[in-house]
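There are two complexes below, and they share chain A, which is joined by chain B in the first and by chain C in the second.
Moving on to the complex of A and B:
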């Protein structure tokens, strides 16, 4: 018998399992039922409820199976009259103050206490005295807390503290008076993730948004993927009579391990919104007229044909958002390329991670996170830069927090803002906004100077080190301190920490990419990975944090003017031939226009028709005026979406699409995991899945697309796109696969080895920081970004009851010092003015930012901050970058 | 974390720093800090609890849990003298109820209340480790044993 195993007998059954396991683990392994209440997988062992009592031969007393270690030779009995009596008594004691409300309790039929009482035949309370009255907290739209029903299992407290690392709940008082409490009776730091709801065994925590909608046996559950951020959380869409009634999850499932954030769990009701588009619309005399599909498709085909006949195929263009399935995205670019004959096709990835794609393809030959999210937990040092991760990619944020608190990782946070994650940092560097490149080069300089680089790795696995060395020469501590404002000592600390760790990963967000040197910024981060040998193996990777459910996928699918699906360059002859053969047509040989170029071309009259799918470009594009002018100048605009967005209002034809809950296909999350998306309900009215609409248009245009189901498109992608080779609905299973697959690996690659990179090497890129001139007329620096309670430009999240309850409108966040100077108090109306435009917005005073920086969230449809933002293009990736805009602030009187 | 301006009692700053310096992990200083505040202000004001959480960089709820768990901490303003009557099993069996009733009768207050002259606040508490001389109670720092209703009258007179 191996050293780290123990064997024991439970109810006569022999079990052997790992040392350190409990009796309960052993029982569960052999499917021996032991009732539990306070126990929950992955939370610390609690041993509070005493329901799991068992008899161990030779022990004087009954012991708790959930906390007692299994030891060699133990003989355990789980069913004896004594145990049964004890368990019964425990339940009877719980019922002392638990109202027998099961008839009307939302958890009736799905309650662990109810099940226990039933199994143990406990009919009521035997003791006949009542303990004190407990409060019901009904102050919050989301979560009702009824502490009469609380069994004090502590699961909510532990999950909030240990798993989410939030710590909003605790045990207050003691003895009979014990309640689950929170400071001031308010959930001060609660993130409304609802994880506590999902672990509560009884009806003490009820989600009011979905309460009393359905009994558990009336709903059907469809497993699918969240429609918001790039984490790609698995969830259940619970539906009844074609209505979504709830979103839930289960411990252990998906990339999220069963965790969800507030958006995923509570932000689903936009699906059932009355404002959904339900029929195709054609604009006649400036107002929309409802039409049937046949008429709409014919009209569109004529519209495109006319433009192409008059002005050629290069005068049409397509742009897709990042919320549609891979199947829709794939068909979208296929339609533009094969049916219309243009490479003018781009996606909103241009607005978020185009720099990541160009830098990563250049240096590594792959574009996507090199490692899986789960690995973050095992990583020794994490360098997080330019991301409010706990708000915008919550689950990734949780893994980083867990890495620090539960697994002892070191965390370096680089961000001028004081963020929730800063609290967890070992080193927190606060550079001047926009100086990240100088800072990263500075770290590299220190690493080289102190000889902390991984020379063996550099020699064996990289190219271009010598040139790179030249390029960082001038980034001495003094110089970098001057540019970034970060003290040299802190720089050294960070450099040593990261370089010295056994494994390390770099995680970055749009603070890095949305910059006129976005591509250079990403290249510098790759240099850092390469110089320290932290790439190409487990727990060593680089993670671009994608913003939307299919940001990764839409680029993988080639909704890019320069790449076919799977990043085959359009000007690569073999690649073109491959797709031309696959699609049975000749393909254009020039690469197409990038999104910003499309807008320019439209304004200049060189582009006359556009097809926009799943993106409210007017809100999402960093310079609103650009889009307005461009779309106005078009002859013909088709918009396909789930709402009549501002962009859709400008269209000649509007097509009603299905939402994520009504469409099947796949999404690819930010760790390259291709996951099945499954329709739970049917779309409202005449709305249709995106892919069906595209196929319809294509057929009307005379290019036949004949698919019976999205599954067939998945298979075509698997046949033609090199990265997705071999992926089809069978291989995907429920948890999805990491691209790429190979013959002997059917679940894909959670992390890349060096051999997965282009020619098996990583390439250093010499990059140089360019300073930007200050502008004294606009003394403030405007930063935009996302907040926890909303997503993207707000198209979905602004249309949900719950998320709006938590935060309904935008604001400008100003530092208290600046507010004093400007004579502002919370709630004052101010004007934020840039050289490009202005908005009026209420002031919020908070000290997350240094004096001189203001923040406006970009998540609100009714706060078009892109009227103010000013774009500077990142030359290498054509990213219209606008993270920072110089502004002035005026109080509106 | 930077940027939190915790509300801490004026004049305690220095002592706080000294206490924290004795612990390897800052959060270990929680209990002594709470004692210090109570000694200083008589009770633990909510805002100060929040201040301490910020000061120690721990979730607010951690501080509230501790402050409400121990009956020796007052989370509300109390009278000049705090009476804690043990109502756990040994004392209960030794007629704690009669003792408690006597106190209530004399002071004309119930559990958790303060006399109108601000002299006494009355609480029950769980076992204070004096089971062998039950029933027992504490007035401020002092413990009284083997109580009877008669003894109560005398004890209270002393304050």
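Moving on to the complex of A and C:
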């Protein structure tokens, strides 16, 4: 027997398990039932409820199974008359406070106390004791707390503190007066994630949005994937009579380990919105007319045909959003390429992580996070740059926080903003906006100067080190301090911390990519990984934080003008032949137009028709005017979406699509995990899944697409797209797989080894920082970005009741000093003016930013900040970069 | 203005000078397990722990407000309501109870027109029940300000109270 195992006997059953386990662990391993209430997996052992009392031979008293370590030779009994009496009394005591209103309780039928009372035959009210009355706590917009029902198990307090690292809840007072709640009834840190709700064993916490909608046994649960950010959280869509009534999750589920954020848990009701599109619309004399599918599809086929006959296939283009399934994305580009004969197809990935794709393909030959999200927890040093991670990719943010607080990792945060995550940082560097590249090169300079690089790794596994060395020569501490404003001492501390750690990962967001040097920024980060040997093994990787549920997938599926599915270059002859054979047609050999080029071409009259799927381009594109002018100039525009968005209003034909809850297929999350998406309900009215619509148009155009179900498309992708080889619905299971699979590995690769990269090497890229001229007429720097309560350009999240309770309108955030100087107070109406345009918006005074920087969230349909933003293209990736725009601020009087 | 008209201001609306608190916080910053001594010292300076003070302490020590308030509300030594410098502590331990401390308490409550745990309207006294103070030999015991009164009767207690001299 191994040294680190212990064996014991529970109710006559022999169990052996790891040392340090508890009696409860042992019992659960053998499926011996011990009732619990305060126990919850992964939370600290609490031992408060006393329901798990068991008898151990040789012990004088009964012991709590959840806190007592299992030791060698223990003989445990879980069922004796004495234990039964004890447990019964415990439940009777709990029922002192607990009203027996199970008939109308929202948790009736799904309540752990009810189940215990049933199992132990407790009828309640044995003592006839009157306890204090408490009013229910309605402080939280989503969650009602009923103190009388609370059993003080503390699960909500612990999950908020230990798992979420938020700490909004606590125990107050003592003895009989003990209550759980918010300090001073104030929601201090609460992020409205509702995790407390998901762990409450009883009806003490009730979701106000879904209360009394349905009894637990009336709902059906469909496991699927969240439609918001790129984390790809597994969730249950609970539905009754074709209505979504609730979103829930379960411990241990999916990439998110059962955690959800406010958007995922409470932002689902856009699905049932009355504003959903329910039938195809054709524009006649500037107003929309409802038509049947056959008429709409015929009209579209004629429209495309006419344009192609007159102006050629290069005069049509397609753009897809990142919210559609892989199957829809795959068909979309197949339709554009095979049916219409053009490579003019691009996606909204162009607006977020195109630089990541071009830099990573160049340096490593793969485009996507090199490691899995869960590995972040085990990483010794994390460098987080250009991301408000706890708002935009909440679950990834939780893993970073857990790495720091629960596993002792070191965290380096690089961001000019004071963010929630900054509180967890060991080193927080605050560079001037737009100087990240100089800063990263500065870190590399220190690493080389102090000999902290991993030379063995560099010699064996990389190419281009010598040229790279030359390129960073000038980035001395003094020089970098001058450019970035970051003190040399802090730079050194960060460099040593990252280079010195055993394992380390780099996590970055759009603060890195949405710049005119976006691709260079990403290259510099890859250089940092390579120089410190932190790539190509477990817990060492680089993570581009994708913003939407299928941002990774839409690029993987080749909704890009220069790549076929699986990043097969269009100008690669073998690759083209492969897809031409697979699709049974000749394919265009010229690379297509990138999204910004499409808009230019439309304005110049070289592009005459567009097909836009699942993206409100008018809001999402950083320069609104560009899109307006381009779309106006088109002869024919087809928009397929779930709402009549601003973009859809400009279309000639609008097609009603299914939402994530109504469509089956797959999403690929930011860690390359391909996960099954399953329809829970059917779409409203005549709306159809995206893939069915595309197939319908294609058939009407004469290019046959014959699929009975999305499953068949998944299989076609698995046959044709290199990275998705072997992926089909069977392999996917419930938890999905990490691409790529190979013959011996059916669950894929959570992390890449060096041998998975192109020719088994990482390539250094020499990159140089270019400063941008300051403009005294526009003294403020406008940063745009996302906030916790909304997503993307707001097309979905702005249409949910719950999220709008929390935050329904946009604002401009201004530093108190600047506000004083401009004579502004909170709520004043101001004008934000750039060389490109202006918006009027209310001022919010906050000290998250330094003087000279203002922030406007890009998440609000009603606040088109892209009227102000100005694009500078990132040459390498054609990214229309607009993270920073020089502006001036004027008070509106 | 504070809308607690029957009580002195709760403090939540007034500007508080955190100077004295900061001095104490500076001595403990960066150390582990310092919350209780910090709370004790700061309370000794301010008399009680108002909400803005507790929020300030949480922020400065980078501890969740929920945790700090949990500690503050758990221990009876911490005061979350304003109180004057003078407390009247009536021992309600077993020995004092037997010796009639309940009657003493009730009489003090009547005399001052407050309930245990509250402060008098003029803000002079706070009346408190405490569990055994460890002087059962001289039960019943009342601690009036700094002074311990042992083997005391109701009449003597009220006399002492009426003749209490502020220090």
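The definition used in the following text is that the second predicted complex is superposed on the first by the 890 of 893 C-alpha atoms of A that agree within 3 Å, B and C clash if a C-alpha of one lies under 4 Å from a C-alpha of the other, contacts with A are read in each partner's own complex, and residues count from 1 in each chain.
Everything below uses one rule, namely that contacts are C-beta pairs under 8 Å (C-beta built on N, C-alpha and C of every residue); 3 or more make two chains touch, one makes a residue touch a chain.
Nothing here was measured: the structure is a model prediction, and the numbers come from that model.
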Clash or fit (per the criteria above) of chain B with chain C on chain A: clash
Superposed model, chain A: greater residue contact from chain B or chain C: B
Contacts of A:309 with chain B and chain C, given as first, second, both or neither: neither
Chain B versus chain C as contact partner of A:173, first or second or both or neither: both
Which superposed partner A:274 touches (first chain B, second chain C, both, neither): neither
Touched partner set for A:743, first chain B, second chain C, both or neither: neither
Touched partner set for A:777, first chain B, second chain C, both or neither: neither
Touched partner set for A:459, first chain B, second chain C, both or neither: neither
Partner chain(s) touched by A:730 [first = chain B, second = chain C, both, neither]: neither
Residues of chain A that lie at the interface with chain B and also at the interface with chain C: 161, 167-174, 182-184, 188-189, 423
Of all residues in chain A, those that touch chain C in their complex: 157, 161, 167-174, 182-184, 186, 188-189, 423
Chain B to chain A touching residues, read off their complex: 1-3, 46, 49-50, 57-65, 68-69, 71, 126
Residue ranges of chain C in contact with chain A within the complex: 51, 54, 62, 64-70, 73-74
Complex contact set, residues of chain A against chain B: 161, 166-175, 181-184, 188-189, 418, 422-423, 847-848
